[in-house]
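Report on the structure given below.
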């Protein structure tokens, strides 16, 4: 299969293992519109590629992913969710991505070697097995820019760490490191940063070499819970996130971020 | 908004933060009928009060809450759930309270500075973020007085610590301290008793100062899971609790409690 | 009640406590067809026996249970799920067993004194309270013989340790010891191997002596979540497991197991 | 298989079709405790009998079933749900019966040749295909004797006729005939009374002769919806029914029934 | 209980029956903000009023209810959902109303004597038993003014007439009369217009005179399905409705309505 | 957008309306592997095509669709679900198609001008609004060839006609005509055959001209129920269908079909 048209992802297939790498290191692998679109397409391509039995998700550069492009939002309001020519904000992009991930029956291992923020964290946590650096910071800081944590965080965090811990991390938008993340069950493994790639690859290769349909059916069975939870929560949360895009508090947060000052919220 | 008619709760609003305090310290903040009624009303008032952006739930005296008034039950059988003039035991009170809590979109932080038992534990665990003293004891001991843990414990404990740990704590009615509670995910934070008020207030004030609708929508999204679970479990558990009010084992347990001896159960 | 017709289980009732013991120590308590049938019947008998108020599940010999009889599979393909005279593989056996366990309102405590594998692990984890040896190894290695972890593992592991940890253990089929199992919430208690019987019995006797209906109603309420999850996941996972019985990868895995070599999977 | 120990049911197996007949015609096939127990056991026996591929449920005498034995209730309060030696009313009997029906994968056709009331209606509507006499009257009149329609009516009526029509029939306890029942979807077929046995038997025999596992898997798939609904509703409704057994209104209704007068309800 | 402060509703309690009447006949009982607020409060008052055992919902004037005040929307954009001083559109009003209706355990009969549109239809269909005039027109025409049918229609119509018929009525916003509504199961009874009040009152009084808790528990049991459905659908649909308030198509539809011309939609 | 690569579908876009036509009239529009693949792809293309606001699904020739290619199955066992090079039967194809249909937010109207069988019926019933010829025959006859009705029938039939009517049509595989289908709610409209195209097109064009996002959000909201049902049922039913592909009864049914004789089933 030819993956050369991907711009934000680098995809290499070898020994039945596809390595999918975030490839915008200069931008901290921040997720812009093109990146988001590729994050929908890639899981469908993975399903269709007969050479692929398992997937390793990794990232280039210092960070795993710094999340959405907040600076860009100041110049292009709602630019992060609204495409170039879209004339209305409508929930859908995140749903398509998460649906594609959950429909992908092939196992996905994620190597979180560095900071993993926002939509980047959602993607990482929706993979099957996560290997994190002990010092990598993980967070879903939607509220910090005045938005509902609507694009998947409210679905997956509660399943991994329980509803109350999830509510704290999502309502405050604060960070935890990989070691703490492993302790409370947010990630599968926490190891020193330089051991992340090796451990993640070993697990992924083991799965690529394993009995194909036994592994797929097992993964798919567990994913039925995630689908149920997604149907209960995601549509409401993304639509409410759309509503917060129209608030003054969101605009103030984006301005404050650009001006490197604390925002002053007005409550609407 | 005027909160002066509250008898068991003290409510103070300042800087967009409402501090709601259990105010029956001499009775260990045990929850009688009036208290229960106020615990339904307060969350609706919180929602309507335009000055309130976040809520801090705390308690006066040595204990956070010792639960229902068991001693009173011996004199007034079923007195804890049945109002003065009620002629039938019917599930509803706890449902109204928990519904009101889950419908309250504003974030609630709970400062568990001392022992937190029974219905007190249910209320605390249904808030969003809990800060507990390392030595505070937490338990839902319905079974100790021969009753099904029907008023919410069977809903929230399993979500926080998994079904098997929940079944043990609820079927045995035994206690765990704040430190252990944090380790297994029952509470968000465990700190020395004297640091509880400060940390809880800091988090609550941070939320009160944050972007209103981003926080509310995020909280509300996660709560959809709790509502689903509540609809599956609560009505059955409260109705079964009603049934156990008619058992000899319940009456014996209440008598034994009053007489400070071990109960002898007969199995009906 | 007369339990003398049980061949694989030994059942003793005393002081309102039934002790149900896996009784095939020479075979590592591996679960053959007869054993499976008894594991359906026993929970119905437990419900009907008026002398029984609580159940202690334990096992004789070195292992708690080594799982299904893989060696037998090589000689008698699909022999583990297909009865002697069955002419079609059809999901049902595991469902009947798990339904019977979840319908049993009496509390069940499980003493995992040694290794606890596959279907043995599923049975153990579907009890209410588990006491494990710190060094006992727990695993659901269906994938190791090329099968979907379809007979309950995909239902209960995610509820106890979250979906991502569950996916790792089930997709890799690897083992964890009791100490680690307790840390992540898979079992309730981990103690030295020789303390397992005593602690498990103490808890079970405490429940046997407790208020009957309060305990049953409490257990039953929490189980409603498990039933919901079972209805969402189990039928799909067992039927997919049936499908994998028809794969070359399963046959190769069974051969390799018998020949004590690494399997070479072909992907169909 | 030997069915001679059944007292209230007559069971004949021929040509892969089991005909299960209500056999208390003098009592209008009213369901007493023994009858209820047999209505749990029979579905398990049907599953195990290798000679049976489909089931025809029918009844002797003028009525299909007049429901529970209300007259008996006046002499033996709560006698209808409480066994001879039970010392506590506890929900369970109806659940075990409905679970057994839903777990029975073999298709069940019901011949409703005459009036079909209360628990009789619940059993009939939980079969798969119903053939009713145009003039047979169908009702679930729990409320007429002051009880919640808790033993399955609140589960199955809404699925067949929508929640609002179901609420009217269940809250008023009024009757509809077979013709109207067919029009609104409560039964599959309405034909003249004397054609009921023939049509029902034809359909049942057709299913008995059909492809076994295709039919079972199809039935079982649809039943997953009923199981979901049952888990949501039944436990709450049966437990609330237990609570109404303790009301004065129930006792008054039973007395009024025995004295053939209109009851005067007091509201507790 | 004193109901004199209600402005849009007239409430009379007699013989345990509360008659709640829409009381803005000159405005076709169109639902403005004050009306909406009263439609939340009234169900809570009904629950608390010890004199009330059943509720009859009716309306004065020619129409049952013409829905929201579309003309007002042109002058006061989003005025129908946004209160006078609200600075942000946020879903919640409809949820609070529907929650209050579903939590009201007392039976509600609705007399739809004339046209019943939009939010008026939602309220009517969320009651328990509906009696409609054969010629009354029923519709949920949100889409006609460019809005998602988000305030409850997408929850209740599918349950009453199946998802496909519901999608047609809701996506086209077209009307059906009472006779057709009865045929497809949307309402319980269709009778000539002048018989509506009598039949509705008879049913309501019958329920008011019936066994209180038997009726409440029965209603409540069925409502658990509606709650489940509401949690799955409502939050998403109301939040998406909010998003459509920001569309040009909505503004155009409102203008066209005021100018009595066909709207020209642009697709954003 | 270029649709010229479609082989089994003809796609024309005009006035914001896409007309998608089954284009294998000589084969009765029977669905082979290529057709199935296109029925997955087309809904994704519909979503992405900015020129399309609504979709009309129709068919050329005498029949709407005669279902899968049973004759082909005799020559190429399992050929209908297994692709040319697939080496294992695995559920997925139907899921991908139904997911794509449910994710398509644009309204779909279906013109069932002639017989509509099996997978053809599933596709038709999963559209939003169906217009059927009064004499067209509709059926899902999986059981007639010894297979579980696993590819969606067990999901959608019960939602449209209730579980019991659905079980009869699916377990017997018998046909009903459009008039009867409308009466029981299976289709939205039944009209004479020659009026089907006009009415279907009128409705579809009306939706294409309507307010885009209001319609999409309304449709999507109702679809959340279908998704919930699909997650509960489909995976189990498709996997059980796979299992029945391995039965002798399936092979016999296919042979009997080719030989135009009645099958003789053996029960395995």
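By written order: A, B, C, D, E and F. Residues from 1 in each chain.
To be clear about the criterion, a residue touches a chain if its C-beta (ideal position, glycine included) is under 8 Å from a C-beta of that chain, and two chains touch if they have at least 3 such contacts.
Owing to the predicted nature of the structure, the values given are computational and were not obtained by experimental measurement.
> Which chains sit in contact with both members of the pair chain A and chain F?
Intersection of chain A and chain F contact lists gives C, E.
> CA centre of chain B versus CA centre of chain E: separation in Å?
Whole-Å distance between the two chain centres: 35.
> Taking the mean of the CA coordinates per chain, how far is chain C from chain E in Å?
From the centre of chain C to the centre of chain E is 51 Å.
> Per the centroid of Cα atoms for each chain, what is the distance between chain B and chain D, given in Å?
Taking the average C-alpha coordinate of chain B and of chain D, the gap between them is 40 Å.
> Which chain A residues sit where two or more other chains touch them?
88, 90, 161, 185, 213, 220, 224, 228, 231-232, 235-236, 240, 243, 247, 267-268 - these are the residues of chain A that touch more than one other chain.
> Would you identify the shape of the chain contact graph, picking one of line, ring, star, complete or other?
other
> Which chains touch, pair by pair?
A-B, A-C, A-E, A-F, B-C, B-D, B-E, C-D, C-F, D-E, D-F, E-F
> Would you mind writing out the residues of chain B in touch with chain E in their complex?
Touching chain E: residues 88, 90, 92, 95-96, 99, 103, 105, 213, 216, 220, 224, 227-228, 231, 235 of chain B.
> Quick check: in the complex, which residue numbers of chain E touch chain F?
142-143, 146-150, 154, 157-158, 161-168, 170-172, 184-185, 229, 232-233, 236-237, 240-241, 243-244, 247, 249-250, 253, 263, 265, 267-268
> Taking the touch rule as given, give the residues of chain D at its contact with chain B in the complex, in rising order.
87-91, 231-232, 235-236, 239-240, 242-243, 246-248, 267-268
> Quick one: in the complex, what on chain F touches chain E?
Where chain F meets chain E, its residues are 53, 107, 125, 128-130, 159-161, 185, 187-188, 203, 206-207, 209-215, 217-226, 228.
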